[in-house]
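Structures follow.
One chain, subunit A, links the two complexes that follow: it is found with subunit B in the first and with subunit C in the second.
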Partner chain A sequence: MKTQQQTTLSETPFVMGGKEFKSRFLLGTGKFKNKTDLAESILSSGTQIVTVALRRIDLERHEENILEYIPKETTLLVNTSGARNADEAVRIARLAKEAGYGNWIKIEVINDSKYLLPDNAETIKAAAMLSQEGFIVLPYMYPDLNVARELVKAGAVSIMPLGSLIGSNQGLKTKEFIQILINEIDLPIIVDAGVGRPSQACEAMEMGASAVLANTAVATAGNPATIAKAFARAIEAGRLAFLSKLPVEKNMANPSSPLTGFLFEQ
Partner chain B sequence: MITLTELKSILADSRPRRLEELAREAYRVKLQYFGRTISLYAPLYLSNYCSSHCTYCGFHSHHRIKRHKLSDEEIHREMAHVAKTGIENILLLTGESYQVTPVSYLKEAVGIAKNYFSSISLEVHPMDVDEYRELYLAGADGVAVYQETYDRKRYAEVHLSGQKRDFDYRFETPERIAKSGIRNISLGILLGLSDIAEDVFELYSHLQGMEKHFPAVEYSVSFPRLRTIKGLGFEPSHTDDVTFVKLICLTRILFPRVGINLSTRESPKLRDHLLDLGVTKISAASQTAVGGYTSEEPDKLDPQFDVQDERSVEEIIKMLKAKNYDPILTDWRTIPATFS
Partner chain C sequence: MKIIMNGKIKSIKDKKNLKSLIAEFCRDSNHVIAELNNVIIKRDHWDKAELKSGDTLELINFVGGG
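And then the complex of A and B:
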């Protein structure tokens, strides 16, 4: 019996910033109760990109250093958490590079301590400056198509729209707008923030997102390593569903006999 | 926002079940917004000279205590001692003397602190925007200024003389701090001066107004409980533990992202339990007298308040880990100007 060729995940590799990744799950490192939980979550999920806030890195090295818990082959994505404007983001990025943490930067410019919503205008400025300096720039942003286009021009390698408020576990509140970015922007779209459960990560992947970043949902779960693995698998499932060209959702029944068939009746 | 009537009824509700409900909600919010992390800091008293007469304070201008202001050398010595414990976040405090500890002195202290700590906060006399700006550029990233009480009549009764008598200048201080570029502002009231429900309500309103007009600032609050100080002749009204716990829970629920600081004036038992209910930042191994960290005769010094929790930084870290919290020592660093 002849079987239909199955789509596999490796057919469309995840390439970004000149690197190829097998995993489409990015893990944030805040809020964990200890570094062992973090290390186990990295291993169990197979994540290859981990974000770390420079503000939390003990550059002087007299504390238990977070980097000792992150495998060497993992791509370190330093974020500019704490930056209130483009200038501060740029300075944090330079400090990270100088301290030897590489040139992959997740730009986070937040000028609002109540909702922690990103400042898109300052994010564009920071992206332009840092790309020009040779950084691999991944900007975290509020999903706005015009801003995403500006970020492309600024030299970003990916766009990271928020699903909902950071740490809210509310899932894809901005779904419609993320879909527009997926449709219109040629760079990988990585859904970041608010993804509270694997099913939501799966949904983002089914929509055609290139990857998903989670942190709070993993760090504050009873068993972080297990939920991290669940996220990784949900993301794979969502990716497969997207590749399989799953049928479009419809909000009405399809008539089973053609409505215009009468035109061709003999 | 919660109304004053609701706040009063919550504080008056003595049913343990209601308190437990409040605590569970606070725990949930704490976990969601801050995860399993607790930041650590230490206070360092630079001077106890004061030109204001606040009847409840051991440092007040008419109180006969040994006055001292740390010299540069002493500042280095005290800071080196604290830094050795691993603390990265230092809170520099003085009495409120514009003459003895002017901006130039504070700037120098901040400059020295940069050699030892990644994050520097101040709890000093209120200033103008330009002065805060100078301190910000020198490397300070946080300022604490407490209104003490929002009841104007009571405020006048307990602040007898000195610049602190000016209620409005103090009330507008957080705005001036925010305009200077300082990243963190800490507000607070002294529990034991006035009606708690009314003061807390006003504090929340003040905080809300600040959040609205200066959204970029990171805010935190403190609720120091006044205790009787020997020889001072001031008797604060007592705030019981249940009320204190309710305040922490309410603040956590109403202001999910606002930090809550807790000093060593509270007991180890209470401090440990409050970690789950909303506290985000605690001090450790604090000395509350000028020169207290390196003094050869610490018992002869005059502390601003008596420390109830005398555990070392190491012991606090051990306790946090046992309670499944990750101790955060480094949470911010001044970004060197050379990178701009």
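And then the complex of A and C:
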């Protein structure tokens, strides 16, 4: 009982943009083979924030509306994917708001089609413009401390550094730089992009990230709903490990059992 | 008359308003967002927005994305 109490006491609520979340797992909704897999993944993981994108309607064929598969109480985080500069990101955000699904925006400005790396300079501009207009702004960025500081000044509610290339499943290639953001930035750090396995999400949380977003890793797994649950649990485990104040790594062996009182001692 | 709808040239009847056009092209207009000549047209103004030849119309909705 005492242990449980300590765990509860040391946990701080995950608050962002004026909302409090129980789950620290954000799920992207792209690339799912079918909408049922998506709906089941949302349910099994308990995620409370999902990302969606805006696109032209395909006038030639009827597509199922993705919003029908997302529970009403879920916070919809609309990304600005497709935007190549700040102005295009602002235009997409305004369209999203017009649709009446809140004002949470993941700023994603990309003009590099090979590596899909975010344009940090344009991202800062978009963050400032959209915050001024009253949007809740979560910028996706290449982990750079100076840029993160500018994003804080621009009014972001969270910083979303990439772990590795979008959709690559390579994990935390930028680990050292994400750690700097965690240490220095007084906003929730949400690791986004490239997280390919629950163990990598767990590691990000052990480092002190506030949350993790995954999409490709879930959508392209053999059983999306099961891996979504695994992500949620790994993120919880990583969070607990972080709160427990992890033990220090050492270069030398340090026995776990006492070095005295051996049975064979004379 | 002709308009550009989602990047493609479409022939439509004269004096058509946005509401009836969307009803014609979109089976489910619930989550449709309309932008006419770079200006967002609110849903309750769709019936008042009459299309003119050469207009550029974007019809947008939500899709899966990360």
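We take it that the second predicted complex is superposed on the first by the 234 of 266 C-alpha atoms of A that agree within 3 Å, B and C clash if a C-alpha of one lies under 4 Å from a C-alpha of the other, contacts with A are read in each partner's own complex, and residues count from 1 in each chain.
We take it that a residue touches a chain if its C-beta (ideal position, glycine included) is under 8 Å from a C-beta of that chain, and two chains touch if they have at least 3 such contacts.
What you are looking at is a predicted structure, and each value in this text was computed from that prediction instead of being measured.
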- [ ] Could you look at A:59 and tell me whether it touches subunit B, subunit C, both or neither (first, second, both, neither)?
- [x] both
Open item on the list: Just checking: does A:51 make contact with subunit B only, subunit C only, both, or neither of them? Give me first, second, both or neither.
Closed with: second
- [ ] Pick one for A:95: touches subunit B only (first), subunit C only (second), both, or neither.
- [x] both
Open item on the list: Looking at A:87 after the superposition, I want to know if it touches subunit B, subunit C, both of them or none. Which is it: first, second, both, neither?
Closed with: first
Task: Partner chain(s) touched by A:114 [first = subunit B, second = subunit C, both, neither] - done: first
- [ ] With the two complexes superposed on chain A, say which partner A:216 touches: subunit B (first), subunit C (second), both, or neither.
- [x] both
Open item on the list: A:169 in the overlay: touching subunit B, subunit C, both, or neither? Say first, second, both or neither.
Closed with: first
- [ ] May I ask you to decide whether A:29 touches subunit B, subunit C, both, or neither, giving the answer as first, second, both or neither?
- [x] second
Open item on the list: Contacts for A:79 in the overlay, against subunit B (first) and subunit C (second): which applies, first, second, both or neither?
Closed with: second
Task: Shared subunit A surface residues [contacts with subunit B and with subunit C] - done: 30-32, 54-57, 59, 62-63, 94-95, 98, 167, 216, 219
- [ ] Would you pull the subunit B residues touching subunit A in the complex into a rising list?
- [x] 31-37, 86, 88, 118, 183, 211, 215-219, 257, 321, 324-326, 328-333, 335-336, 339-340
Open item on the list: Looking at the complex, which residues from subunit C come into contact with subunit A?
Closed with: 5-8, 25-28, 30-33, 35, 40, 42, 58-66
Open item on the list: Could you list, by residue number, the parts of subunit A that touch subunit B in their complex?
Closed with: 30-35, 54-60, 62-63, 82, 84, 87-88, 90-92, 94-95, 98, 111-114, 116, 167-169, 216, 219-220
- [ ] Mind listing the subunit A positions that touch subunit C in their complex?
- [x] 28-32, 38, 51-57, 59, 62-63, 65-67, 78-79, 81, 94-96, 98-99, 101, 166-167, 193, 213, 215-216, 219
